[in-house]
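Shared chain: chain A. Partners: chain B in the first complex, chain C in the second.
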Partner chain A sequence: MLAVQLLVNGFVTGCALGVVAISFSLIYATTKIFHVAHAGIYTLAGYLAWTFVSHGVPDIAALLLAIALGALGGAAIQQFLYAPLERRKATHLVVLIASLGLLAVMQNIIAAVYSANILQFPVPWGSRMVAAGSIRLTWTQLLTAVLSLAAYAGTMWFAHRTILGKRIRAVASNPFLAEITRLQPQAVYIYVLAIASAIVCLPGVLVPLDLGLQPYGGITPLLTATIAMIAGGVGSISGAFALSVLIAELQNLSLLVIPGEWSIGITFFIFVIFMLFRPTGLFTKAR
Partner chain B sequence: MNRLIRCAVAVLAICLTFGGVAQAETIRLGAILPLTGPGALIGTQQMRGIQFAIDQVNAKGGVNGNKIEVLFEDNQAKPDQSILSFNKLVDLQKVPMIFSAYSGPTLAMAPLATRKKVLLINAGAQADKLATASPYLINTLPTIGDEVSVISKYVVGEGKKRAAILFENDAAGIAGRDDYLKAFPAAGGTILAQEPTQFGQTDFRPALLKLADSKPDVMLVSITAGLQQMAQQYKQLGLKFMVAGTTFFQDPSVVADPAAQGFVHTQVRIDAPPALAAAFKQKYGVDMEFFVRQYYNATEIVVAVLDKLTAEKKPITGESMRDTLLAIRKFNGLIPLEFKSNTATVKLDINVMKDGKDVTIKQLSNE
Partner chain C sequence: MDFLFSYIALAEIYVLLSLSTNLLVGIAGIFSVSQAAVFGVGAYIVAWFLMNNVLGFVPAFLIAAAGCVVLNILLTLPALRVSGDYFVVTSFGIQLLATAVFTNWTTGTGGANGLPGIPPPDLFGKALESTGQIVTLCSAAMVLSCVAFWLVMRAPFGRMLRAIREDELAVAAAGKNVLRAKVSAAALAGAFAGIAGGLYATFLSFVDPTSFDLDASILMLTMVVVGGARTLTGSIIGPFLLLALPQILTLIEIPTTIAAAARQLLYGVLLIAFMLFRPQGLAGEKL
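Showing the complex of A and B:
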């Protein structure tokens, strides 16, 4: 019973993490920006949805509004932070520091406005149970798994079947060639930040719906997602998603054999060893 | 003659002026609390508790005509910042006494308090080492070890002899875990399993599942954050064993949550009179929370000490304040307590969460 329940919990956590990883991967593969402030958008989405729900906005509308505002926030970050830095020939390190600074500002504003307390969504249905034999899940967990899988499928479809998706992949593949073939990389970067920010808002709302909101709660998922992206192969959407699920499963199932305090350390130690033998990641670029 | 009168008036005026200053002398105290950073929420409660008590004393004319002023320093709950603040308050402002909070910062300042003979009053931290850290450190709360001992005896007495421990993997959580490892077997129970969580982590499901697998009668908890989420996940997973903890359980959101129904814990007895709680709410717009009451109570103790010292016209130093505090020994303020050592002996209740309320089922003490 314990192993199966841990397996199911790991899958739910991994799916949510997978959506963070594919959205981060989309940004990094296209813009080459290590967009740490993505964790800020993830956190902000939860607080925005909480605010809407607390003011009587229906739950679905609150989620959609948070996604829309998250997309706008992402586009604004590209337009008003990253694009000016690129025009001034800022190095990757400078851009990373700017992103880190923005994340700190966002987290501090959220903490100042909402307090550093853990906030609960006033959504009673979220904690109702669905039981199948000995497996017990909340509606929020079930919804997280289903919508995350849908987000993964949707991102794959978008990247491979739409004109904008193909344009993004072209820019990611060769920005210089994209520039001279008038694919307008700068405009594409804004689209990418907006789309990836919209995608990350999904776990940004669903995970806190299950586990509560914290101003500094976005860092750990982003860090784990980044590792999943690298281990999965930078640019591979499937790789990032699959490795996220694998990491979450390893963290959960490792509890069967080792104490919890070793779980994170041993999981990532396995990945360090793995990266030594396959530094380009498990899934090679599959754009 | 006129000249003589003028001189006499001048001398009288000087005497009155200096006499007046002496009578209206402001007694300066210090407080080193986390006013920014992750501990800011609790630090702000602590600051308000002190300031609320001081404002009430000053509004009544101070202690024997002396107003009190508390100089607040922000340590962000960091030991190194606390040392800087301590030196600033003691060396520059010459304060004889400082309110402190959090185990790490208080333990860092304790050796300095001993060396500089400055009284430290801690009303928020509970690490066991605080009891012996300095003769100049007075703890108005029992240590976590005292509470763990009381709850362990109660739980075993209820026939729940097989326990699992859920603890936070930081200094406070590990100290609590270690106390359970000693106190629970000493009370006649057996520890079957233990699982850590990270501070601020709110996904307790893996740890709860693993602990449940050891089939305990009771889960002993030593976490300070995410209690409500832990309670909800405990309920969602359909777990049935008893859940027991310490004063950290006294979180209004946890008590109100139906998921925490049946949780038992020790509780330092605090009965804030309704009029006092209402006055606080009117001033700050929020309830008089746990740490507000703790620091209000600690300030009342300090005021009682200052009252005695000024009435007896004794110098106000860290040493005289400590000696007077230990000589008074019994205080019947917001929290009645007694100092048989430099850690207070207080009334401890065993509470159970029932229908959204924290109901006292047994009254004990940490003695």
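Showing the complex of A and C:
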């Protein structure tokens, strides 16, 4: 029975992780920037929501406010960091180091303002249990699964059915052609950063509802999400989401045999296997 | 006086780490945030041998250096197999995995409490106990390593490494063995990190996981970036400057609870600012 409970937990974690993965994938596939600072936005969203909730803002409004601020933050990162670097013809390495610097800045501002200790959300409904047979879930977990699946569906719809989504995919597949057909890649990059940052705020708020907030807690989910993105095939939204669920399931099942503090080892092991046998990922189309 | 001496010794140890990071990131163009992991392995190896009275300082030190050479080659090999960004993931993964091992493998590393009471280094049967003697030892190690770095960089091998960074394909087309050059660079970087680890463990007589975490790797990267990538001068300026900065921070009234965060925040700001306005650092070459 423990195994079934772990499978269900793994599914919930995997859905949240999947949303991180698809948002990172959106940025990476379009701008080609390895946006490490995404982990900072993820963490920041949780702390913003916590602040709003502690000041008496209704829970849903707090979530929406955090998402809106996250989107603004993402747009600002592109406008004031990545775009100037691009204008200076900075190499890939330089952009990566700048992004890492930004992550350090965001994490440590959070640590300085809120202290490095774990913070719990003051929401009593979050830990209330729902039981189905012998499977028990918290309301938070249920909400995480539902909203994450909705975010996945929404992203798929957005990327394939809306004008902006198509424009983003056009820029992603050929920035040079997009430039000469006046699709304005630079403007698209700002939209992409804003949208992806908004999306990542969802797990950024929901996951800490269960586990609590920690200023340096964004790196591991981001790393796991990027592994899922690579294993799923860069550019494939469904691939990233599916592999996130798979990795989270394997991590949770591994708890049956290995203590939890080694789960980063499991994740990494999966990555190495993929790198050795299928470095292009599972869901890549033949080119 | 002791305070000045320990600042110098620590800075000299970090010069070795900067050389190591510079070789990989600046010269070979392999982004790495896992140098702290290699550094840590070197430190723990020396600590273990000395604390259990298995070997003297010199043999333990040599074993640590050799171990780190092998380890760094193993860690960098994926970079030669997978392209740029995939290695970023590998590098982050290795660092997080190393932190997990340092923290959770209590029998070998003392876990989060670390290993206290490491005996001082001994040379030819004579223990070096005063800070002055240790500074001499560190200075000797630093000078030797700097000379080694300088010799390597002006040798044909060094020129080939620079050429690889500029245009890998051209070097391969000229009939040079690119793979062997990169592996050799990684080996040398590993040796520097291992030596630094051994000195660090015996100098502080205490090791714990926080000295070898992601923040430490970011610090090394900041030192290289601020000092200047790809030059010997840069790798010497960086550590001396960046280790002096926290002392300046103590002059400003900052509560001790946020001192660590403030320091890391400063490093992050420096990373961003240098990438935006002076990617070559104070005394480096174009990154």
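Here is the rule we use: the second predicted complex is superposed on the first by the 272 of 287 C-alpha atoms of A that agree within 3 Å, B and C clash if a C-alpha of one lies under 4 Å from a C-alpha of the other, contacts with A are read in each partner's own complex, and residues count from 1 in each chain.
Following the convention adopted for this analysis, a contact is a pair of C-beta atoms (placed from the backbone, for glycine too) under 8 Å apart; a residue touches a chain by one contact, two chains touch by 3 or more.
All figures in this text were calculated on a predicted structure; none of them were measured in a lab.
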item: Overlay on chain A: chain C relative to chain B, clash or fit; value: clash
item: Touched partner set for A:L100, first chain B, second chain C, both or neither; value: second
item: Touching partner for A:F271 - first (chain B), second (chain C), both, neither; value: second
item: Which partner reaches more residues of chain A (counting touched residues only), chain B or chain C; value: C
item: Partner chain(s) touched by A:F34 [first = chain B, second = chain C, both, neither]; value: second
item: Chain B versus chain C as contact partner of A:L65, first or second or both or neither; value: neither
item: Which of chain B and chain C A:E261 touches, first, second, both or neither; value: both
item: Touched partner set for A:A116, first chain B, second chain C, both or neither; value: both
item: Which of chain B and chain C A:A83 touches, first, second, both or neither; value: neither
item: Which of chain B and chain C A:P279 touches, first, second, both or neither; value: second
item: Stretch in clash, chain C with chain B, out of 111-119, 147-155 or 165-173; value: 111-119
item: Where chain A meets both chain C and chain B, residue numbers; value: 115-116, 259, 261
item: Of chain A, residues touching chain C in the complex; value: 28, 34, 36, 81, 84-85, 88, 90-98, 100-109, 111-112, 115-116, 215, 219-220, 223, 226-227, 230, 259, 261-262, 264-265, 267-268, 271-272, 275, 279
item: Contact set on chain A toward chain B in their complex; value: 2, 5-6, 9, 13, 115-118, 120, 127, 129, 136, 138, 211-212, 214, 216-217, 251-252, 255-256, 259-261, 263
item: Residue numbers on chain B that touch chain A, as the complex places them; value: 38, 40-41, 169, 194-197, 200, 202-203, 205-207, 209-210, 212-213, 225-226, 228-229, 232, 235-238, 253
item: Sites on chain C touched by chain A in the complex; value: 25, 29, 31, 33, 78, 81-82, 84-86, 88-90, 92-94, 96-97, 100, 103-104, 214-215, 218, 221-222, 225, 257-258, 260-262, 264-265, 267-272, 275-276, 279, 287
